[in-house]
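So, here's a batch of structures to check.
Note that chain A is present in both complexes that follow, paired respectively with chain B and with chain C.
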Partner chain A sequence: MKGILRVAEAHLRTALREKITLFWFLIFPLFLLAILTLIFGNMGTEGEISFAIAVVNLETDTAGPVDFAGIIEGVFEQAGKPSEEGKEPLFAISSPASGEALEDFLASEKKATRFGDRAAVIVIPEGFNQCLLHRMMEDGPSSSANCSLAIYVNEGSAASGMATSIIDQILAGVERDLLTRMGRFQEQKAIPTETLWVGSSGTEVRYVDFLLPGIVLMGFFVNGLFGVPGSILFARDKRVLRRYWVTPLTVTHYLAGFSVGHLMLCLVQFALLLLLGRFAFGATVTFFQPMSILFLLLAAITFLAFGFFVASVAKTANTGMAIANILNMPMMFLGGLFFPVTGLPLVLKAIVFLNPLTYLAKGLRVSVGTEAGTLSVSIIAVPLVWIAVCVAVASWRLSWDVER
Partner chain B sequence: MTATDGITLRVTDLKKYYGKVHAVDGISFAIPSSSVFTILGPNGAGKTTTLEILEGIRVPDAGEIEVFGVRVKQINREVKKRLGVLLQDGNFEPYLKVKEVVKLFASFFPIALPVEEVLRRVALQEKGSAYIRTLSGGQRQRLAVGVALVNDPDLIFLDEPTTGLDPQARRNMWSVITNLKEQRKTIILTTHYMEEAEVLSDYVCIMDNGMIIAEGTPRELAARLGQETIIEFSGGSIDAEWLDQLSSYGKGVRKDGEIVYVETEDFVQTMEQMLAWSREKGIPLENMVVRQPNLEDVFLSLTGRKLRE
Partner chain C sequence: MRSFRALLYAECVIFARDKAAFTFTFLFPIIFVLLFGFLMGGMGGAEGARLGLYMPDGGRGEVLEEVLAGIGSISVTHYSDQLALQDALEEKKIDFGLVWDGERLLFHYNCTRVQENYAFQQLATGIAAQFNLSYQGLFPILTAEKIHVGKKASTGWFSSVVPGIMAFSILSAGLFAVSGHITAMKERKLLDQMIVTPMRPIMLLSAVICVRLVIVYISTLITLLVAVVVLKLGFTVAWLRYTVFVTSSTVGVMGLGSLIALVVRRPSSASNIANVVSMLMMFLAGIYFPVEIMPSYLRALSKALPLTYMADAMRYVTGVTEMTEARFWGITIAMLVLAALLLPLLGRYIVKPDRGRY
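Moving on, here comes the complex of A and B:
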């Protein structure tokens, strides 16, 4: 027992003192967490999506009882201002330059829309005020006047499509407000709607909370895939292990000590990632519940076994690293660690299906509450099968001394 | 349990084959307790394979091993508790410190010496907190000896302990081994330095091609060459014709690099003839040394090859 703990301690000390190991097992996951959170962390939050539009008001008759054109122009100007300090406004409104003719401004904005620089251009025609007043008071447009707002969009642009939808909603709201003020809005004729909340502001899963379990798994994965064969094969090839085999220490003792040391290293990794996620990026996800701890342990053991497997099929430390590199990318990116894995071709789907990371990521995220779903038997069974297969292959093939 | 007949280790008809290569081909020997037993031989003679079997790294294909009075098929965990092993090519984790390595190995044995005592025995007290990767070759080898002694073993294997060391480090290692002799430890040493074997050994066996070709004390082995005397001198300019002439003055002549060796059973007569030949030819006999045969000469006479060829 004493020997096992000393082997564990030696493994941990070696890993934490070796700069290259330290970089890949601790610094790299921390770095990746920081980078991905900074890039994608604010996606979907209020004010992040902003559309560049232009409002061209061609109405010249503003002397009537109501300046509808001015009201609509004002509404969009308001939408072009940030709702809170530091937030992006919904619309970035472009205006004509001083002294620029409206016709010229309209032409240049249409061109900008065609090239994708504007999501939409709203044109309020001349005579709009009179026409709209007549329509509202007498339930129908005058035949001679133009009551239609022209909205120029780019058909191939997703931003144009989204902006048009928002503009329609804003105009519907303006119309309803005007009719209500004029006593012309009939509530019973409106389509009844009811708003039902499934969450309140702040309860949605933030990207950092989705990402953190994935980064923890990635850390364990890299640690197992590279660290385990790297350590064992280096120690074997450099005749470090030989010194152990001339003492009463058995391979089983060594393996037990190595495994304990590896799990301790995973624990250090986990603690550092958790601290960074929580204090640097405000992650709120909590892992301290039985199912989450079970999945963390299962993940660490699965990748430890994976490492033994790689060590057993590689003749030298260099070959081991090459094999680990080949397995690394497809397994990591097709395991759903950083982004949900959906809509893939059949071959890639097969990798996702066989990949233990898929199940471990799903299990861990469901257990910490950052992904919907239930914990099915397969989520635990597939990693267990991988452990069994890897340990069986390693027991059969792994050589503990240099070949002669 | 200890050896009952004063023999710590007895090996009978030990064999280890790698395909068609007979690495160890039916060797037998017995090592008395508290003695230094040296296995001498050139590279590939089977020394290291023999030791690896006796250290428990390899399993023999055939033969009997009796250690500490117990007959075993292969060296097991119980036996290993009483062995100390210095491997020829073993290494330590470069990112561990000296003290950590000693503690690590001490933890593998039920009884172990204190770390400071181990470091004192190999004169590494000052280096306890140094990383392995910062040690010199000699310091690493001393640490390896310290690790081999961590359990205060009854039987110590030292596989080429001075190979690759500079002369000073080699002398230091000899001093460590001499201390172990004084503590009456049983030591099995392999080396291809005949001087080392002569200085340190109580018994020597010479291996070649997986077999033992001679065995005895260094003095007994040298006596196999009878009453011969070796006369050496620097003779870079001596050619084959002159070597022929010199050969008529003694039992045999050979040239190895710059050095000419003349073997004779009648030293006085040979010496007179050689001096006369030197005067007549005008060839000075520079750096002349007259000595008794050593283990190198024994090996040469048995195999026709030098130990380090």
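Moving on, here comes the complex of A and C:
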């Protein structure tokens, strides 16, 4: 027992002393959690996103009963101001320089949209007020082009697409307001809209709560995939293992100690991620329940076994690292750790189906309540089969000493 | 000249034998393109969204059907009960659901689709607005015509991601070429051995740069080819500008790699720093998602990253987006200036013997 603990301690100390280990197993998951939460954590929240747009009002006839063009321009000007102090406005609206002709301004803004410097340019055409007034009095749709706003967008730009959908929403609000004021739309008869969140949490899952289980699994996965073959194969190639074998320590004892050390490293990794997620980003997801702990343990053991599998099929440490590098990205992304895995071709579906990460990610997320669904037998069975296969292959193929 | 040829040959052999470098340079961009192409093809937008619809008593359901038919970009599946709709939503067979009971519109979302729900909610707001008008027998009065002003009407999200990935592969290959490779040579004292030969350090530097330039160029071409053949994307490559840009950006990022090599001595530390730098840039340079969705301080940081400009220029030379000539040449020349300023520092690093270790 003492020998096992000594090996575990040695493994942990070696891992924590190695800068590469520290980086990939501890710093990188923390970095990824931080950067993805900062980017996606407030996606779509007013005050956090901002689009550069321009509003060009070409309407010159403002003498009619209602200046619709002015109202629309005013609404967008309002959207160009921050909703509260310290927050960013939804739109950064560019205006023509003093003395600049509107046509010239429009041309330069369209050019800016082409070059990706503006997300959209909204143009209110001349004759808009009169046309809209007629349209409101009519009972059917008008075909006059003067009634239609022109929104210049760049379809190649994702920002353009997002800005356009926000503009559409604002215009829908203005339209409803105008129709209500004219007595055409009856607000009391408006159909209410409600939202129902489907899933075990029953409410919208925060991005950090969705991401944290994925990053924890990524950490365990990278730890097993790179850490295990790296440690074993480098120790074997540098004849460190050979020194162990001249001591009373058996391979079984060494394996047990190595596994305990590996699990301790996973625990350190998990604790750091949890602390960062909870205290820096306000994650509320709780792992301290029997099913979640079971999945965390199952994940750590699965990837430990997977690491032994990679070590057993690689002849040298460098080959082991190359295999790990090739497997890393496809397995990680096709396991649904960061993005939902849907609409894939057959070959990639097969990888998703065989990938232990798919089941572990689903199991862990369902158990912590950030994914809908039930815990089926396959969620536990597939990782167990992987463990069995990996252990069988490793015990058959893994050589514990360099070939003489 | 003979010695230079020998160095070129040696660098080629070193690269071919380095499985990790080979994987990172050639395989990774392809994996990135294929994985992200299939995984994230429609992310960020609601184009082609699948709506599940359940109308228990059909209270003027025909109006809703008409509104949904007019949306065009979504497909609608009818469900016979609310539970079946919710199951389909949980199993991701549909993207969002709608129950119309004659009194309210109840939109259903899968609470775990955190990155996509925003787009579905936007779409739902549009449906609700239009239905409200139609329900009261009104027609939309405030119509807006979308006019595309970009270069290619067919340009989609992924067409702009591929050049971004190519720019990223240039960045990582350039950074690692210097920070990893040169520091490894330094650690193995190969550089110290070289400076006692008649060979000038500039020769070694030139050999490293030349070999990496060719490798990076081939790597970007392979990535482009995979995107065209497998993902059926179309690019209009301006080959002369493409070649000039790949060359200038590769030497430019090698210059950045020199900074890393000067700061740290050990190749492992240099690789780690290069990894952090490249990962940070990858997330913040607007390669996979628009910078507009980021908080203002990250947007400001994005503007300070060379990868942001490299990705823009790469999109331009592959015909995905437009750019002014001045901006393109500005970026290209800036990368060359970066190389001209920083690579001489690397030259000094090469010739400086590592006396501390003797």
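Keep in mind that, in the parts below, the second predicted complex is superposed on the first by the 244 of 404 C-alpha atoms of A that agree within 3 Å, B and C clash if a C-alpha of one lies under 4 Å from a C-alpha of the other, contacts with A are read in each partner's own complex, and residues count from 1 in each chain.
One rule holds for everything that comes next: a contact is a pair of C-beta atoms (placed from the backbone, for glycine too) under 8 Å apart; a residue touches a chain by one contact, two chains touch by 3 or more.
The structure presented is a predicted model; accordingly, all values stated were derived computationally and were not measured.
**Q** Output check: A:7 vs chain B and chain C. Expected answer is one of first, second, both, neither. What do you get?
**A** In the superposed model, A:7 contacts chain B only, not chain C.
**Q** Scan A:321 for contacts with chain B and chain C and give back first, second, both or neither.
**A** A:321: touches chain C, not chain B.
**Q** Touch check for A:168: first (chain B), second (chain C), both, or neither?
**A** second
**Q** Could you tell me if A:35 is touching chain B, chain C, both of them or neither one (first, second, both, neither)?
**A** Only chain C is touched by A:35; chain B is not.
**Q** Determine, for the superposed model, which of the two partners chain B and chain C contacts more residues of chain A.
**A** Comparing touch counts on chain A for chain B and chain C gives C.
**Q** For A:88, is the partner it touches chain B (first), chain C (second), both, or none of the two (neither)?
**A** It touches chain C, and chain B stays clear.
**Q** Would you tell me which residues of chain A are touching chain B in their complex?
**A** Residues 2-3, 5-7, 9-10, 13-14, 17-18, 235, 238-240, 242-250, 401, 404.
**Q** Within the complex, which stretch of chain B touches chain A?
**A** 18, 55-57, 77-78, 80-81, 83, 85, 87, 89-93, 95-96, 100, 103-105, 107-110, 144, 147, 157
**Q** Inside the complex, what are the residues of chain A that reach chain C?
**A** Interface residues on the chain A side: 19-20, 23, 27-28, 31-32, 35-36, 38-40, 42-44, 48-51, 72, 88, 110, 113-116, 119, 122, 132, 135-136, 139-141, 147-159, 161-169, 171-176, 178-179, 184-186, 189-199, 201-207, 210, 318-319, 321-322, 325-326, 329-330, 333-334, 339-345, 348, 365, 370-373.
**Q** Would you tell me which residues of chain C are touching chain A in their complex?
**A** Against chain A, chain C makes touches at 19-20, 23-24, 27-28, 31-32, 35-36, 38-46, 86, 89-92, 97, 103-119, 121-126, 128-133, 135-136, 138-153, 155-157, 159-160, 266, 268-269, 271-272, 275-276, 279-280, 283-284, 289-296, 298-299, 312, 320-324, 327.
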